[in-house]
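Just below is one structure, and these are the notes that go with it.
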Amino acid sequence: MSPIDKLTQLFEKFPGIGPRQARRFVQYLLVANPAIRRELAEQIQALGANTSQCKKCYRWFTKENKGVECNICANSSRDKNLLFVVEKDVDIDNVERSGYKGLYFVLGGIIPLAAAEPAEHVRLRELLKRVETENPTEVILGLSATTEGDHTRELLQEKLKNIGAKISSLGRGLSTGSELEYADPDTIGQALANRS
Amino acid sequence: MSPIDKLTQLFEKFPGIGPRQARRFVQYLLVANPAIRRELAEQIQALGANTSQCKKCYRWFTKENKGVECNICANSSRDKNLLFVVEKDVDIDNVERSGYKGLYFVLGGIIPLAAAEPAEHVRLRELLKRVETENPTEVILGLSATTEGDHTRELLQEKLKNIGAKISSLGRGLSTGSELEYADPDTIGQALANRS
Amino acid sequence: MSPIDKLTQLFEKFPGIGPRQARRFVQYLLVANPAIRRELAEQIQALGANTSQCKKCYRWFTKENKGVECNICANSSRDKNLLFVVEKDVDIDNVERSGYKGLYFVLGGIIPLAAAEPAEHVRLRELLKRVETENPTEVILGLSATTEGDHTRELLQEKLKNIGAKISSLGRGLSTGSELEYADPDTIGQALANRS
Amino acid sequence: MSPIDKLTQLFEKFPGIGPRQARRFVQYLLVANPAIRRELAEQIQALGANTSQCKKCYRWFTKENKGVECNICANSSRDKNLLFVVEKDVDIDNVERSGYKGLYFVLGGIIPLAAAEPAEHVRLRELLKRVETENPTEVILGLSATTEGDHTRELLQEKLKNIGAKISSLGRGLSTGSELEYADPDTIGQALANRS
């Protein structure tokens, strides 16, 4: 297979990219300055050499400090009593913007409804070990408000129930900007149940 | 002006309808069976003759029971301790689908941020009178999760504070089906604040 | 059934309108000024009383001139040598904006692929009679560039072939504003075949 | 800057990619198998080493045949009498799917309306030389149906007028699948002018 076709195939595996856009990417690179292609190739390989997965929260970070912990886990001013469990790395960017000041743990996915062995799908053992070692006051389960997210939350609540920490879940209800007229009945039901 | 142009203008005032769709409506009526046009005209006029605004909750209803109350207000099995305040009639359809079993009050709008006299924009006096007369245990403020909705809620909380009823607001947070990755920071902040 | 539900049903039959928007229309009318409801009802009925279908081109028009022909057919400065056959009334608005100065004929639909009797679906006999009576130099078949449009065009070409007039069809190719990269192969094929 | 941020910046320059999707690409690569990252980097660099720009039509192709011409230019069964001028490489994929069997020339862009020196924006000299050398019977100008495309076409027509070849342009009109009701007046005007 030609590099053009092989590269098209590789770009088609990128999240949200179909065959047409993959071809446009290859076209962009074909007519681009060789220096841009070289830098792109180098940076992609540098990802492996210069980044590392945090030994505590399992997110990927740049090894600028030669440490084994990411800049959030290594930051002594973060609130070590709070541990926010997220599904994936990008969720952390979003939670940071909300002003949260505690620590994180990246579960690495969500548990499918039919999963026989949950620990094969997410970092269940690693989460238990992290909670036992660090003893946070509260573990916040920051999972998606979907059926699989609910399933994962229930399973984690069960696994974590004998650990000293309080286990909490994100509030459900009307999201910012939404109107009652367009809300679905389940969201209204949750907003009613969580009224205050 | 011709009936075609006049009718196009009238349809353009319908919610969400632009000039092109207004013209298509007129076209649809032009080629429609005269019986359909006649029935439509009759039913539009019947709206005035056969419907009436509920004297208690201010929603519009069909005068089938010759009463002055709508079928929800007149239903003795509804929970009279709960009064759900909504902005407009259609919100009630949506809340009903969530399984709510109390009563309603239609505010008739939302209070603009710059409003000098709130009672000109919503049924403030009527709400106060309803609460004083019926003495519900709890008044649920079911307003939009928008800046104007928040403004209206704060103003209603202030006006209702000396009445015996508990004043509650709908829960804020992740709406059903949403994922952390796509939630806005304010919604995540609310979901964090309302975690449980 | 209540006028609210009946009217909702009637609005659901409007082109492009679903149940939710139909309810919003009824809501709009319920809270609207009675004068608006009255005018809307009157204008809808006036459509029948004050409009009429042109005896020559079959489009609907307002009977301001007490004639039996629409303002285009009655306009002596239009080019009587050209007869533009369209599927429906609204197409005429669009063709007028392109600067066309001839006459029209509204076919009243399109012929389904499986139609046993074409004349049941469109005004075939009326078109033949119009062409025989008025003897235009050219009949322009302005049908949709779809499979059914092509089928209808072929059938009309067959039916009109022994009449003296030249039978032409609208040009096919790149539409204004389109780019080669996003054009479908069939459009490119047509644009190639019709290059000049 | 970290490889994560640098790579995010590089992906933001890809066609149609914003900051959020660029971050998701980096995230995808971070958690991907190192073998995938390695192959992607290698293929991106192979683009430079293993592809080459055709000396005749200027499109990029894979150097499998060790020649200096792409597989279309080198294919002796293509019709050498036809030369299809396109703006960019990807246009060729689309024209091929329409069944065209002649040759191509990639202009490398479009001429901006205000361009003082057209040859700085597109391969004007190279096109003239190609036409002079190969003497095709017909040059087909396959430019976008936009204002800049029209401007480029007029300029090329002027530059090519003294060469023996016939200069043609793609047909304009209704694109496949379009309906008269939704066509813009200019497209209808073109479809009328190009009726046949």
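Chains: A, B, C and D, in written order; residue numbering restarts at 1 for each.
Keep this in mind: a contact is a pair of C-beta atoms (placed from the backbone, for glycine too) under 8 Å apart; a residue touches a chain by one contact, two chains touch by 3 or more.
The structure displayed is predicted, hence computed values, not measured ones.
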Reference chain A; chain at largest CA-centroid distance: C
Centre-to-centre distance between chain D and chain A (centres being mean Cα positions), rounded to whole Å: 39
Gap in Å, rounded to a whole number, between the CA centres of chain C and chain A: 54
Contacts with 2+ other chains: residues of chain B: 88, 90
Touching chain combinations (by label order): A-B, A-D, B-C, C-D
Residues of chain C touching chain D in the complex: 86-88, 90-91, 94-95, 97-100, 140, 142-146, 149, 168-181, 183-196
Partner chain D, residues of chain A touching it in the complex: 2-4, 6-7, 10, 13-16, 21, 23-31, 34, 36-48, 50-51, 60-62, 64, 88-90, 93
